[in-house]
Each structure stands twice: as structure tokens, then as C-alpha cells.
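Consider the two complexes below, in which subunit A is the common component and subunit B and subunit C are the respective partners.
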Partner chain A sequence: MKQRAEPLILAHLWVAFVAFAIASVMGAAQMLSRSPLTAPAEGPEAYFISVTAHGTLMAYVLPTLFVMGFGYFVATTALARPLPGLRAAWLGFWLALVGTLLAALAVVTGRATVLYTFYPPLTGSALYYLGLVLVVVGSWIWIVLMILAMREWKYENPGRPVPLAMFATVANAVMWLWTTAGVAVELLFQVIPAALGWKDTIDVGLSRTLFSWTLHAIVYFWLIPAYIAFYTMLPQAAGGRLYSDTMGRIVFILFLLYSLPVGMHHLFMDPGHGTGFKFLQMMLTSLVTVPTLLTIFTIAASLEIAGRLRGGKGLFGWIAALPWHRPMVLAAGLSFVMLGLGGFGGLVNMGYGMNAMVHNTSWVTAHFHLIFGGSVVIMYFAIAYEIWPKLTGRRAVGTGAMRVQLWTWFIGVLVTTLPWHALGLGGQPRRVATFDFSEPQIAWWAPWILVSTVGGALMLASALLFIWNLVGFHRGPATGERHMTYALAVHPPMHLPRALNGFALWNWLVLFLMVVAYGYPIAQFFFVDGPPALIQRVTEAG
Partner chain B sequence: MVERPMDERAILRTELRWVIVVAIAVLIIVGSIVISSAAVVLHPPSSVERIDPTTLHVSGEFVEDNLGAVQNRDGSVTVRLVATQFAFVPNCIVVPADRPVTFRITSPDVIHGLLIVGTNVNTMVMPGYVSEVRTTFPRTGEHLMPCHEFCGLGHSEMWSRVRVVEPAAWQPDENGRVSCETPARSPVEEAPEETPQ
Partner chain C sequence: MVEDRPPVPAEREALDRPWRIWASVAVVSFVLLAFLLGFLVVPERGKAGFDPFTAMCRALGIPGFGREPPESPAAERAAPASEVAWTSDTRRLLASADVKQGAQVAESICLPCHGMDGVGTTPIYPHLVRQSAAAIFKQMQDYRSGKRQGAQAAIMTAFAQMLDDRQIANVAAYYASQRPSQRVRPIATSPAIVELARIGDPARSLPPCEACHAGSGGPIEAPVLLGQSVSYLEQQLQAFASGERRNDIFARMRTIAQQLTPEEIRGLSLYYSAGSGTENTESDATAAMLR
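Right, the complex of A and B next:
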């Protein structure tokens, strides 16, 4: 019985990428507004509507829909069995789509100009928050389906190791459930009652703490598809093998463990928490470098195998011997460069002393456009190029346009973000619509901003070329070839300890870490009853 | 098959070696963060002080007459500020160089942020909380002080200034206060006077 999951997967991925393309146009317009040039729509209202939409589409809609679609792809191809609950999956899709449209409606009509982080007491239309909740609920359905798919496969294949791609996907699903808990509680118990007018006050400290619970782990939710590609697609595309399957599992487990109890590093500059827990979570934050450092080694070793198989010699000769003309290999190389630069910047954010220099400046915007917009999204492109032929049964006419697209994205991201880093150190605040360049102290910003605006235009061009390339697949010659092969390990595991083949143990550990890291910081708001803040509705002001 | 040994044990050995390298790297990172935070005595605002945002203007330390820079008995300076939609009150402050300055700031309405460009002074400003940041300005000059968190449509206009003057030029009035309106009394030469925007 062959169940067709392709339309489901394509639907998710197309929504993700259309959202991405629309948001890219907005991003480029925002660059103009902040620059000395004229933007298509000037004025703070247009700017902040645009930034709210750009942030919401890029940070919530693109990754969530992409991760869901990619998850369904992995579940059907890596496990080679039909998806349990195709109907439920479609329900999840429609919830996410309707949610996106409702939220977008609230934003473009100017009723939810609160930015994607919606820090209360500033409160927009309930429609916006309810839309976001629908997106999250849609993704919860996906979580259940991923867990079910793995469980049913294990039942049918007793004792066999779950394929790494699926293991990682479920790690991300489980992590996402933990991640969304914080923001869901904030929305359902604090923000939505306020937006509906049932409540007039809110404890801002509590809401920020709940949001921080989500805010760091969500970054790893965005990132994990890129890592899945590094481990299970890249070695295959490069013509080699994965150096170590076990290391891959450990890395994904570490992501699950360490991405959650560290969110308070977003609150270093908040008056709502004492130094103790900030320090504790700062320490835990430095551990999140571990999975990435482990990955760099395993992936480099896997690529070395490929390079040497292709005749590369010497200490570095294998690098030149890699098939750089393949989009997956090229994207991974560029992604690693951006990850390296961005990782360095991340160390600055992490130390809470140094954080004071850059908190909420353009440095931060630069950092996440480099890591997320750059390293991660370029891997979304590569994954799309890899799996579109399997989804459509058609191939592209050539890979030249894909390589051009990847290179323009890479250059665009660097040209955008390098000046932003400098501006951030120079004190340029983020989230500001226009600057008064006649002020002598900031006049020197103008040329840098112009450079980054050019970078933004390159990114936009690349985004549009990407869509064009995807459309090209649908019009390409039919091959009928839909079989997906994932990278094999040098020594594919035969048996694994249960801890490396499931998540029960790790969930208990996450629970323990979360109680330690967040127990008191959240509970304190219930012990001391401080005076709350009054809700400020943006809809009433305008 | 390949030049390097690929049996399972060899792989495990190289991996273990790499794990040691990673562990050392992490220790170095943690160490440098701890040292930089401790040695430079940079502490994020962490006083956890609550205040009722609805009564700021009627009573307590944030009533309008009590805002701005004031000299304490021990010679240190305290600056009290209120961040509102869409201005800091007061919108310009003068502080002396080389003297400890404590900023105390809160908000009656929404979340704001405070950043003094070119310094380490950076904090969130939250209704219901008082943020306290301590610093010393080593040099005289003027700093911009933008609000760094979105607080509504007027957020982009929320800029103010901090003027750092020679300690001798910082002459408190009978209430111990100094404001941008009081002309700086400079013993040596007059600092170029700029009108706040």
C-alpha cells in the first residue's frame, strides 16, 4: 500500500518558502528605511508593521512549516513506511496555514504592531496571538506523528537502531514540545486574556521569563534540519560515508538537553532576575558549544573520507577534491564559514559582561542573520534542492542556477551582516525605523548602512532566484526517480543501548534540568506579589 | 580503502581525542567569560526591585522633581530617570567624569531599554521594576542615549543625551542637583554647549 505523502510535504514546504520570499521583500524595504535612502513606504507605522511581519514570517512560519514538511519527508523515506495519520497531518497543515493567515491579517491591518517577540504590556489584537497559537497547535500534531512513526517502526523492527535522520527528527520534535511550553503558557494565560480585555494587568517579569524559556531552544529547532543534512545527506552527496553514527546520536541528544535550560541568557539585562540564576544559565550556555564542536569534527572527518575516495591527497588536498559543484556540498561549505564567523560573535553575546556592549544593538540583528539567515537557511535551500526531485519525480535542467543562488546568498549575508556588527558595536540600536543622520555623532553610520543595504538587495535577489529554481523543478524533465538514499556510516550500528535509540531517559533529564534552571526564576513571581503593569493596547492608541 | 585506519576502535580513539580537545575549548571559553565578568566588575542589572508603575508620578523617588542627577553624601552621583512613551525624563543629563554614577530607572507604561552609546551602560527598563546600573565615566564628552527596545510607534524618536563634564565643572545647586539647563561652571575653559534635541 503506497500512501502518497508528497503533496503533504510539498504543501508545507511551499508555504514555508512563499512566506520566506514575501518576508525577504519586506526585509529589503526595511533596509532602505533605516538607510539615508528613501524606502517605498516611509514612516514608523509602515516600518514596524513590516518588521512585525518579517520577524513573524522568518522566525515562526518559515522554520515551523519547513521543519514539519521535512520531518514528514524523513519519516516516510528513512523509515520506508507510510506515515501514520496522514489525515491528522493535513489537519496540522491547515491549522498552521489558517493561523498564519489570521496573524498576517492582524499585522497588515496595523492591529498587531508589537513585533514578533510581542513583549507585553504592549498588546495587539487577539487575532495575532490566536493565529500564532494555531501554528503551534499544528506543529504539535506533527510532534505526535513523528513520535508515533518512530514507535511503530521500532515495534516492527525490534532491536534495530532507528535510522539517524529519523532519530534526529524525533529529537527535534521532542525538543519542540518542551520549547513551545513556555510561550504557550505566556500566550494562553497572560497575553491572550489581556488582548481579549479579560485582564488589565500583567507581570512583565513573568512573561519575559516564560518567553525566554522558548527563545533559545527555538533557535535549535530552526538549526536541527541543517544538522540533519550535515550528518545524513552531506556525506552521501560528497560521495563518502558518515564517520560515526553514534556521535551523531550523542550530538542530537545534547541539543535536546542543553538548548532548554539556558534561555535566561536573553534576560541578562533584565531587572527581574538576580545574578545567581543568570550566572548559572550563562555557565550552561557555554555547554551548547559542545554539540557544534563535535559536529565540526565528525563532518570534517566524513568529508575527508569522501575527498580521499575521490583521489584527494595530502593534508588539505582532500578538500579540493570534494565535489563542490553539488549544491549540497557547496551549501554546507558556505554554511560552515558563516557558522564559524557567527559562532565567534556568539561568544561575545554569551559573556554577560560583554553582552552589555551589544545587547539590543544591530550586533544582535547581525548575529542572527548570519547564523540563522545565513548558515541555517542556506541549508534549507540545499535540502530543498536535494529532495525536490524526489518529491516531484522530476529533475532540474542543471545545477548552475542553484550554485549562483547559493553564492549570492552567502555574499549577500556577509555584506549585510559585517557592517551591522560594526554598527552595533558603535551603539546603533536595533528596531529603529529611521535615523537622524544630521546628528554628528552618528553621521559615520550612514556609509556602513548603505553597504549593508546592498547586501540586503543581494539576499533578496537570491531569495527570488531560489523560488525560480524550485519552480524549475516542477517544469523539469520527468525521471520517475523518487528514491531517497541517506548517508551510511563507516560502521553502521548493529545494536544500540536503549539510551541511544529513544528519548525516555533524556526527557527525565530535561525535566530535571528545567526544574533546576527555571524552577526558582519562575516561582519567585508567585511568592512576591509585586505590583503588575497595566496593559497598553496598541489598537486603542492608533 | 582509505589512507587512514578505519576500524571501529581507531575511530573511537580519534573521537575520544577530539572530545578532550572540545572539553579544553569549553573550559577556556567558560574561564574567559568568568574572568571577564568578574575582573571588569561588569554586573548586569540584577537588583530585583519592584515598584508600582501606576503611582510613579504621585509619590516615591520617581516623582518629577526628584528626577535627574543628584549628588549623594559620599560624593557619588545618582541619576533617576523615567522612560515613557516616547521620551526619557529628563531628556538630557549631566554627570561628572571619574565619579561613581548610579542610574535608577523605571517605566510607567511599557518596556523600554536604555543604552548609553560608547559605554557599558545597558539595561532593560520594565514597568513594575527598578533597574539599577552603576558606572564611572572615564572621559568627558557627550553620549547619545537611545531607547533600545521597541515601545510603540514613536520608539525611533526616543533619543536623549548624557553630558560628561569635568568633576570641577559639575556644581550642584542647593538641592544637590545638576541639570542640563544649569550652565556648566567650568574653572578652566567652557565645554562647547550644545542644545539637546
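Right, the complex of A and C next:
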């Protein structure tokens, strides 16, 4: 390799994790603000600046930059060839970084307190949206490079199966292209013209529908790195093999197919759509349980292989025999526990009727902190711990601090989110800055909120320890060892049908599904007349 | 290794074809099943009397197709509460209003009753000083079109009919630009009244008055109540309660006022009056309330 990709990868990952650390401080402050204790800078203005920044950094900047950096890592290590277009990749990085800074500037100056979902007709400074667009455009460059890298590798290795880690990464890249189409159209044709003052009304039904196009699939975009780790890193770290490579491919294909035509489950409460399409998308939504169940089965089987190879006996003895001291194995175990709890909550959200009960309450916030902040982000940590030595050519002094960090995150997330779920069922609204606990009807919330505030503080401590651990790698003893080994399958595939080695067929099917699921719901806005909403500007309201 | 050799094209096609076919069949048939359930089976059940076509149109969300919504005699009788709509044209008209020309209108017509500074010259003339341009504009339009009735509306209708849309926008902008000379605070008469104003009464589905009348956050036409005279506030609440005044969009105020007891109407009026207009005629009652 002439030009090394490590600086590129480290740049992406560091931006992601610094954003994460800053946002964690904000999260803890928000917890305080909502609690009976006093927070620094309490009050709605400061709160909505903070929540908008926290949501934007955590939901957009952290995962996007992380996925990009990790994708570049997989492309160079799994394919064992240099990245095509290193310069373009750097351009993508700078676009994303400048975009992040622009958006952050707009938010912290109080001109874009629109929350990370930026639902119109509320609009803020155009800088915020332009910043987000730049981040997305930067990631589009990444998509092209991922597809190119796989294409070139296939050309050089005709008929051979693309390594699973890369296959999954490209699945995510292709999915991300479909995913971002919705929000990009919303931003470019509706929100930005509104924010610039070129229009004074906006069709909120259409904008919510376009946003929903993105809103569910983006969650899988966040999640897939964790799944890549489950399939291609965890079995290796546990000392075993992947139970089935084919199963892995099918799972990532199912994510591509069924993450997209389901976003209207976020619009169950919207009056702008008939029940028929809501029903269709609810049915499709239920299919996402399939890849999840397949994964639980495959990964459990892979771990069992590892446990038995390590001498585990009996029905459950193999579990105890796993190398739990390795961060990757520990993180995966904790992640599965949180995924199990969160999946149960997800079933509640999925039901048309039950969703009505928890809509816009703390239940929702608790749910995604558990699933995303918990099970997914803990795998980001584990991946970082796994690949940092390869990126720096140095190793950590020990894994003790990493284990402490993973455990505190796990405990912090549970202590934060379990009471939060209960509060949501008790009617606590989300996105509210302060509560008047002298009101007898809500007085009982106070102790629960205090508990979850303690959990938030634990999460913050863990986030800071994580950064400390990463810095530790850069100062650790040099090994010069940069070779990355991915898990082998029990039966490594020799040749595969095109369907399991590329995405042409699946893209056609996604197109079919999207036309069916979103064609009429979007088209109706152009022939069924609805009153447009007047744009409300953040700057005007003050 | 023999199996390491990539397959020749014919073998390859035999490997690919079943995937193509079965994947497509699976996806398409699942969608068909969902359509069948979502558009025919589920919507028809429970909604007795819908033929399949109507049920499908309803599931699609096409308004007015198939069976029309049942004719309700009330819907026919109900004329819109107001002719003002917050369209972008209305907003543009307000945004382009001319304060100087508004001042001329105020001087030539409104001055004797509302003053140049928007302070009512006697308690029967409401203050315009803390109101937004949107609030004043809406009321003037409603007086002119006859939509605002009850209490002393007839007085205002005559004046409003002397003005056109632009003049109304100008004079609204003029009064909205006036700054009050003093800060006022509500009078905390009794805890129950304060609670009604700030928390509402969920048992009666009464939202807090503050949700709409605090100056921002509510409907843009909601007037500021603070500092208005007791008699005026009370009169208006009674007019809403009796249905004489019915120019509130979505019957927002009628629904609320109908649920208030006369004592609450009195207490809330006093609370928001901040002592304004209580000097002479009202003083005994005020003293009684404050006790």
C-alpha cells in the first residue's frame, strides 16, 4: 500500500467520538434539567439548544462518521487492497466535518432549536440544514467508494465470494443511499427554501412522509456496524468460527429490503394517510423480526462452537467457558441483554394501538437510548477497541479499563432507561425542559427521575473513560502489528449465486417495495388538496 | 482444488435463476397479502355497511370518495366562525402594514375611545396596547363582517365598516407598536383561580388560559388579557358562554367559557384585570373577592 488509509479512518472515528463525548455532557445536563435538582443554565431556551445539539450529534454525526470510518477500515482490511479514491474520501471527510461545524454553530447560537427531527412548519437557520446536507453528501462519497471498492475487487477476483464484512458494509452503503433520498428531497425542496425565506408555506404532510422514508432505515444504518461485528469479529474474538456465512448474507439483504418500506409506522398518528398503507407498512415492519431472530440463532450457535472448543460442557457450560474478559465478547453479551429488553419495547411501539399510548412520551426516548445508545453504541466501543491497535500499530496496556468502561455503560444505560420507560407509561412527555414537581399529579415522578439521572451520570462517566481508553492506545507500546483477521465460517463459501454476492436483484426489489409502499402516499399530496402550513421561524419566535 | 474454480456461465445461470425467481415471488406475494388484508378484509370488518369499493377508498385515504360523510344538519347551519384565515396573503398584508398611516386612522377615528396610546379612555373601552397586530386585525375584520356579535360589538361594527383591509392592517400595526407605560401583574385572588389560569382543570378538559393567552405559543389571534378591565373581560366571557359572541375559530373560547361557573368568570376577569378598571364601580366587589 502506497498511501495508507489509517489517518483517514482515524480522522473519521475521532470526529465521531469527540462528537459523542460532547453530546454525552449535554445529555447529562438535560437529565438534570428535567429532574427536581437544578441544572446549569436551566430554562427552555438553553434546554432546546442542548437537546437539538445532543440529538444531532448522537443521531447524525456519531453514527455517520463512525460508519464511514469503519467502512473504510473494512474495505482496506477485508479486501486487502488499497482504497480506490483516497483523495475523494478525504473530500467526503472534510464535507462532513464542515457540515457538522455549520450545523453546530447554528444550534448553539440559538438559531436552529428545531430538534434533530426538524419537523416543519418550525424552521431555523438555513445553516443548520445546509450543514446536515453536507454531512449527507460526504457520506454519499463514501457510498460510491464502497461500491467501487467491491466492484474492483470482484473484477480482480472473478467468481469468488466477497468477504462477508465487505458484503455487509456495501449492503449498508446501498441502503444508506436509498435511505437518505427521502430526507434529502425534504431538505432540498421543502425545508431549505422555507428556511431561506423563499416560501412562506410548507406542506407538512409531505415533509413528514419524506422524513419517515428515512427515519426507520436510518436506525438500521446505525445498527449494521454492530451486526457486522457480531458476524465477522465476535466469533473470532470468542475463539470460534461463524456458524453460517450464508445466513449472514441473507440477514444483511433482509435489512436492505425491509428497513425502507416501513417508515410510515412513524406516522400511525398522522391524519394525512389512509389506514391501508399504514397497515401495509405495519405488516412489512413485522418482517424485521426475521433478520433479528436469524442473527440471535446464528450468533448463539457461533458462540456455542467457540465455548465448546474452549472446553465448555453441558447444556449451558459453553457460556461460562467463553472468554468474557475480551472486550468484544463482553460487549456483545451486554449488547444482547439490552437488545432483548429493547426488542420487547419495540414490539409495543409497533402495535397500532399500543403506540397511541406511548406516543411522544418518555417511553420513546427510553426505548431508543436502550436500543441505540445501549446495544448499538456499546458495539461501537467494542469495534473501536478491536481496531484501534490495527490503526495505531500499538496495543493497550491492559483490558481492565475497557471492561470497566463497558460495564459502567451497560449499568448506566439500564439505570437510566428502565425508570424512563415507567415514567413514559405514567405520561411523562418527552422534549420538555422542566417539570413542576409541586403538582400532586406528577409528584411521584420525582424519585424515578432522580434514579435515571444517576444512570445518566454513570453513562457520562463511561463515555469519558472511553475517550481516555482510546487516548491510551495512542500512548501504548508499539507492536507494529496491523493485520486484521475476520472470523472464518465453519464452511467458508466457495462460490455463490449472484444474489448472495451483489445487490442488483435486491435493488430492483427495493424499488418495487418503495413504489408500492410510498408511491401513492407521496403522490396523493400532489392531487389531494390539503391546506399548507404557515412556516414558523425560530428566529422570529425568539 | 476443484470446487474453487468459478462456475462456467451455464452453471452460473442455473445457480442464479432460482434465487431471482423465488425472492421476487416471496416479496410480491407478501405485498399482495398485505394489500388484501389492509384494503379489503380489515377495513370492511366492523365498519358495517361499506361495500368493498368504499372500504378501499377509505383505506387509501381518498376523501369524499365512495360514501359521503353522513349529512349533519348542524354542519349545514354552521357558518364559519370568522372570515379571517391565516394564509400567507394575510400574513403578507400584516407584514407590509404602514404604521404611520395607521396612526392617521387611529387619530381620526379610534382616539376618543382607545386613545392614541391604545389605553381605553374608560373601562368600557378595551385597551389595545398589549395586543398583537394579528389579534387587532382579526377582531376588526370580524366586526366589519358582522361575525363578532354580543356585548357592545355594534359600536365597533360601525367604525370597522369605514375601513378597508389595508387600513385595518395599518391601524392594527400602529396599536401593536405602542409600548405600555407600566408593567402589570395578575391579582392572585384565590388559589383555585390561579390554578385555573395556570394549570387548567383536566377533569373538565379545561386547558390553562396561559397556554393561549400568555402572549406567545397559542393561536396567533389570541388577545392578551392582562390589564384589560374587569367589566370588559367578564362581559366577553359571558358572551362566549351564552353563544352571543361566536367569532372564535374552532369554538375555542365558547367551549371553555361554557364550562366556567359565574364565580370563575368573575374571578378570572379580576385575576387578569390586574386591578385595571376596578377603581369606582367595581371596588366593593373587588374588595369582597380579595378577602
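Here is the rule we use: the second predicted complex is superposed on the first by the 540 of 542 C-alpha atoms of A that agree within 3 Å, B and C clash if a C-alpha of one lies under 4 Å from a C-alpha of the other, contacts with A are read in each partner's own complex, and residues count from 1 in each chain.
Convention: a contact is a pair of C-beta atoms (placed from the backbone, for glycine too) under 8 Å apart; a residue touches a chain by one contact, two chains touch by 3 or more.
Treat the numbers as computed from the prediction; the structure is a model and nothing was measured.
For the composite obtained by superposing both complexes on subunit A, the positions of subunit B and subunit C are in clash.
Contacts of A:468 after superposition: neither subunit B nor subunit C is touched.
Look at A:444: by the touch rule set out above, it reaches neither subunit B nor subunit C.
By the document's definition of touching, both partners, subunit B and subunit C, reach A:528. Using the contact criterion defined above for the overlaid structures, shared-chain residue A:257 touches subunit C, although it does not reach subunit B.
In the superposed pair of complexes, A:273 makes contact with subunit B and with subunit C alike. Once the two complexes are overlaid on the shared chain, A:344 sits clear of subunit B and of subunit C alike. In the superposition on chain A, no contact is made by A:94 with either subunit B or subunit C. Of the two partner chains placed by superposition, A:316 touches none, neither subunit B nor subunit C.
In the superposed pair of complexes, A:283 makes contact with subunit B and with subunit C alike. Of the two partners subunit B and subunit C, more residues of subunit A are touched by B. Common to the subunit B and subunit C interfaces on subunit A are residues 272-275, 278, 283, 287, 439, 441, 528, 534, 541.
Against subunit C, the residues of subunit A that register as touching in their complex are 158-160, 200-201, 257, 272-280, 283-284, 287, 439, 441, 494-495, 497-500, 505-506, 509, 512-513, 516, 520, 524, 528, 534, 541.
Residues 44-45, 47-48, 113-115, 119, 121-122, 203-205, 208, 243-244, 247, 267-275, 278, 282-283, 286-287, 289-290, 293-294, 297-298, 301, 304-305, 308-309, 347, 350-357, 359-361, 426-427, 429-436, 439, 441-442, 490-491, 528, 530-534, 536, 538, 541-542 of subunit A are the ones that touch subunit B when the two sit in their complex. Put simply, subunit B touches subunit A in their complex at residues 1-4, 6, 8, 11, 14-15, 18-19, 22, 25-26, 29-30, 32-33, 36-37, 40, 42-54, 85, 109-111, 113, 115, 117-118, 120-132, 142, 144, 146-156, 159, 197. If you check the complex, the residues on subunit C that touch subunit A are 3-7, 12, 15-16, 18-20, 23-24, 27-28, 30-31, 33-35, 37-39, 42-43, 56, 58-63, 86-88, 91-92, 199, 202, 216.
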